[in-house]
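Same chain, two partners: chain A is paired with chain B first, then with chain C.
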Partner chain A sequence: MSANFTIDGKTVAIAEGQTIIQAALAAGVYIPHLCYHPEFKPHGSCKLCTVKVGGRQSASCTTLAQAGMVVESDTPALNDERRTLIEMLFVEGNHFCPSCERSGDCKLQATAYDLSMMSAHFDHFFPNRPVDASHPDVLLDFNRCILCSLCVRASRDVDGKNAFALCGRGIKTHLIVNAKSGRLADTDVGLQDKAVQVCPVGVFLRKDKGFNVPIGKRVFDLKPVSAYVDATAALAKEQQ
Partner chain B sequence: MSYKLETAEHPGALRRVAIDAVSRVEGHGKVTILLDERNQVRQVRLHIVEFRGFERFIQGRPYWEVPVTVQRLCGICPVSHHLAASKALDQVVGVTRLTPTAEKIRRLMHYGQILQSHALHFFYLASPDLLFGFDSDLTRRNIVGLAAAHPQTAKRGVLLRKFGQEVIRITAGKRVHGTGSIPGGVNKAVTREERALLLADIYQIVGWSRDAVRLIKELHAQNAALYNSFGVCRSNTMSLVGANGDLEFYHGSLRARDAGGNILFDDVDYCDYSQHIQEEVKPWSYMKFPFLAAFGKRNGWYKVGPLARVQNCDRIPTPLAEVERREFSDYCGGLPTHAPLAYHWARMIEMLHAAETIKDLLHDDDILGDDLVRTGTRATEGVGVIEAPRGTLIHHYRVDEDDLVTMCNLIVSTTHNNQAMNEAIRQVAARYLQGREVTEGLLNHIEGAIRCFDPCLSCATHALGQMPLAVELVDAEGRLVHTLARNGDGSFACSGD
Partner chain C sequence: MTSSAKGKLKVATTSLAGCFGCHISFLDIDERLFDLLELIEFDRSPLVDIKQLGKCDIGIIEGGLCNAENVHVLREFRRNCNSLIAIGACAINGGLPAQRNHLSLPLILEEVYHTSVGLANGLIPNDPELPLPLAKVRPLHEVVKIDFFIPGCPPSADAIWKALNDIIAGHEPVLGHGLIHYD
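After this line comes the complex of A and B, so read on.
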């Protein structure tokens, strides 16, 4: 008999070595997340996937599922905290959804909708982050980076290029391009790279794409993020 | 073309009246009137704090984002900016001819926009003044009052606007801030179901648009003296015209006429706009004053918008609107009229033309096609010009080899009409305010003159006749002696004295 745990009262089976989020998503139970991606080692930085296990809060993407656990996830208290985290991400960067081509294809926006975020609540930082348009095929708009490190992991672990890194500490943390000049044009990153396809927000933009997907056909026009078994895969397909 | 009342000789000794409007998308509008101790009008100015930040904001952004971003410039006609920017960027991506589907979808979107904006402008913003009178009871002078007194007119106004918004939603993806038009084409066509939805209503819309022309004609006939003389300002006119001199909103070449209707230039490629139009800066306004370069600052200013277009073209290419254009021209004795209230008549003829054009486009199977985008050889510069509901709209961009915008220049309809609006309110102030105590009703005449040209300045966000106004009378020493205020809820308050 396989091991089980419950999440919000639903029984979920555990496969060997699965984290809580892996087991939950495999069973079709959605837990909000941004820095988690099924193909990469967990990073545990966004904390959106925080759940309550035995009275303690922990990131479900870094906590191994164990038989008999009683997990709470979709509760008003946890969702309030998640919404606050999302609001903080919105004010830290420059997220102008109405003019962003990833609007409708953005996990940050979709998760904000899903958590019924109505306003950012905090003062905007309005950081000054110039775009890197040097590469012929890919534009980097750092204004939208939420520091999930997915591109860093993808470039290092899948593409074998190690083209990106998170640099600085605390509130000063930022994404850099791993080239002497700091410019994307001076790396060997190409359109086929996994790194170019995993960004959950709108930092990596294909220059040949723009607004070519009409409203109504975008990933999260079709259904909300919580209704996707694997929103990440749907987004990656869109970005190819 | 007089400049009387633009600058008073001893402004320090005069009382100041300011009509101070709230902020709106294109900027703040404010009218100041200087009165002497006998309430004689000595100086009248319309100041606009234009939304200029945009031109800087767009620099350093990728070009493909621009058609979507620019829509934030205007709450009433975002589609005009969407399309003018797209046209400019077609040139940047090297596309000189769109696919038939792309061109017709863009046209459909644009004519939908003309329809909804003209309906909003006339029924919501202008008709309460026209049906009840400029100094009628303030509490009635709005669309709610209109709905009570003329329920059928009000209802049709609402439904005409709604239909235009549906056309926009279907072609652009959303009613506001859609993404349908992209450099080189469009991202969606129309489905058979969407077409059927619009076709079900379009004949009714054409019919109601005809009735709207009839209504404005009746108003002119009932009070010809007012309509023909209110705020008259003779000037040149300019607009795009299509092939054969057709009335054309989406694409064409520039034509200008003098006040008597003689052609000043014709067939001008709009990419050369900067050779034909210059802009003067005046120290008292943030908005520039454009003029036709060949005729100089004093004589070169011009009007744009419905009145300019309907009189600038040689014909309207849809039958019902063409009949109306001829009747309008006959009414004016075959010579151009420069009466601001005639803008509304011209506007309704255009609305009828837009409805007829939408009907024709809906019957064209090209709008169902799937050949949406073309590509070409990249260029570094593009100019897009379109006839927006309120007049000629110019977008000009330069883009570097990394695809980022390095330069953006916009000349919006409001700016073209700057001098004309100033002239019109001077005429109105001189005629109605001279020697009288200033009341809300009198000030509404000033607003009414502006409203002929531009609904944005009569405030889109307070469309229910509740545009906040603050009027201050200041004596020669600058002391506040009297204030009149109309609040956001439409209530009216006096203080002082």
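After this line comes the complex of A and C, so read on.
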């Protein structure tokens, strides 16, 4: 024990086998992230947690922390690139916050606020992604999917149901439901499933519960995402 | 600078495919309007009823682009204003009107004017005075260069006040936590 590295000049202790983001969050140092979740194996796809290690960029959720590393994270250059990633996520899907039940509890929105994204900058794709309202308790709105694969990992690794998958390649990658009909109603997914609770955006919506916590009193209304360091617990509590 | 004779900045505003909510929120700066009017003078704006757009320092545009007239007005603002501000969700990402973008326009017109319940012998309006709708609703920055953005649906009066002060002071608007909102 007591191996250390530095992130933005702050000394962080490393526990055996920790990635950079795990060690940083444990030490109370926020690194922006969307596809990372403390309870799941890293996916390394959103690239938001990219940091500079010894002058080279790498995803902090897939890079093991090593003694003596010099890591830069909260720099104008990295935050500019993170904002660009967020802008691309916003134009790729249909992210209309005023009509989204998850507004205020959304990590994508909160991270965009934190990085001062004033517009999505690029041309919008306006894709056509029909919703799946077949399930009695859960609405799936694919318009907001950012392909973080958390529902895929949760359903496979925790719920043991393997109900979701990412299908297609490149720009055509999309989330699918693992049922012959392709409809959520034809799976055994239920409200207690981890997969239903981990979505960082507004794809999985509990029917009849959308506004239990009013706009203005939600997780990221209270404080910005960076002030939580890792907002996972606060979001999980709100989603119950 | 296109400052008026009184040394004030000339500001024009308009609402395209919007709901005037951003204009109402702008008026919600309440008595701070008096402070603002020490610095600016309105040109064309629904707030003062001037119809012709003159040379301006700042153009503030609410709403996205849903028809040909919207594009015409936007281009006129771009030609006449040194800086353009897109205000509100619709101006920035199409907002509520853009919820039609995944449907084909003929299908929408058909549904609204022909096949909806209670319509008999409906006709799709075809008067040459009516601006033609665009196939997709577009945010402003996809058609002209936009200099500044004030997000929100609508942005709060405090957010508008902060952003305008930043812009008039000559720098990028910075809205911190609590002021920056997309909803």
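Methods note: the second predicted complex is superposed on the first by the 238 of 240 C-alpha atoms of A that agree within 3 Å, B and C clash if a C-alpha of one lies under 4 Å from a C-alpha of the other, contacts with A are read in each partner's own complex, and residues count from 1 in each chain.
We adopt the following convention: a contact is a pair of C-beta atoms (placed from the backbone, for glycine too) under 8 Å apart; a residue touches a chain by one contact, two chains touch by 3 or more.
Everything quoted here is computed from the prediction, not taken from an experiment.
> Give one of first, second, both or neither to describe whether A:55 is in contact with chain B, with chain C, with both, or with none.
After superposing on A, A:55 lies clear of both chain B and chain C.
> Have a look at where A:9 lands relative to chain B and chain C in the superposition and call it first, second, both or neither.
Once the two structures are laid over each other on A, A:9 reaches no partner at all.
> Contact-wise, after the overlay, does A:124 reach chain B, chain C, both or neither (first, second, both, neither)?
A:124: touches chain C, not chain B.
> Counting only touches as set out at the top, which of chain B and chain C does A:99 meet: first, second, both, neither?
Once the two structures are laid over each other on A, A:99 reaches both partners.
> Mind telling me which of the two, chain B or chain C, contacts the most residues of chain A?
Chain A has more residues touched by C than by the other partner.
> Determine, under the contact definition given at the top, whether A:170 touches first (chain B), second (chain C), both, or neither.
The answer is neither, since A:170 touches no partner chain.
> In the superposed arrangement, which partner chain does A:215 touch: chain B (first), chain C (second), both, or neither?
After superposition on chain A, A:215 lies in contact with both partners, chain B and chain C.
> Output check: A:205 vs chain B and chain C. Expected answer is one of first, second, both, neither. What do you get?
The answer is first: A:205 touches chain B but not chain C.
> One more residue to check, A:224. First (chain B), second (chain C), both or neither?
The second partner, chain C, only.
> Quick check on the superposed pair: does A:112 touch chain B, chain C, both, or neither? Answer first, second, both or neither.
In the superposition, A:112 touches chain C alone.
> In the superposed view, which residues of chain A touch chain B and also chain C?
Correct list for chain A: 98-100, 215.
> Quick check: in the complex, which residue numbers of chain A touch chain B?
For chain A paired with chain B, touching residues are 98-101, 130-131, 133-134, 139, 141, 205, 207, 210-217.
> Which bits of chain B are touching chain A when the two form their complex?
Residues 60-62, 64-65, 67-69, 71-72, 172-174, 177-180, 182-183, 187-188, 373, 402-404 of chain B touch chain A in their complex.
> Using the touch definition from the top, list the residues of chain C that touch chain A in their complex.
86, 89, 92-96, 98-99, 101-102, 136, 138-139, 141-142, 146, 148-151, 153, 173-175, 177, 180-183
> Report the residues of chain A in contact with chain C in the complex, numbered from low to high.
Touching chain C: residues 90, 94-100, 103-104, 109, 112-114, 116, 118-121, 123-124, 126-129, 215, 223-224 of chain A.
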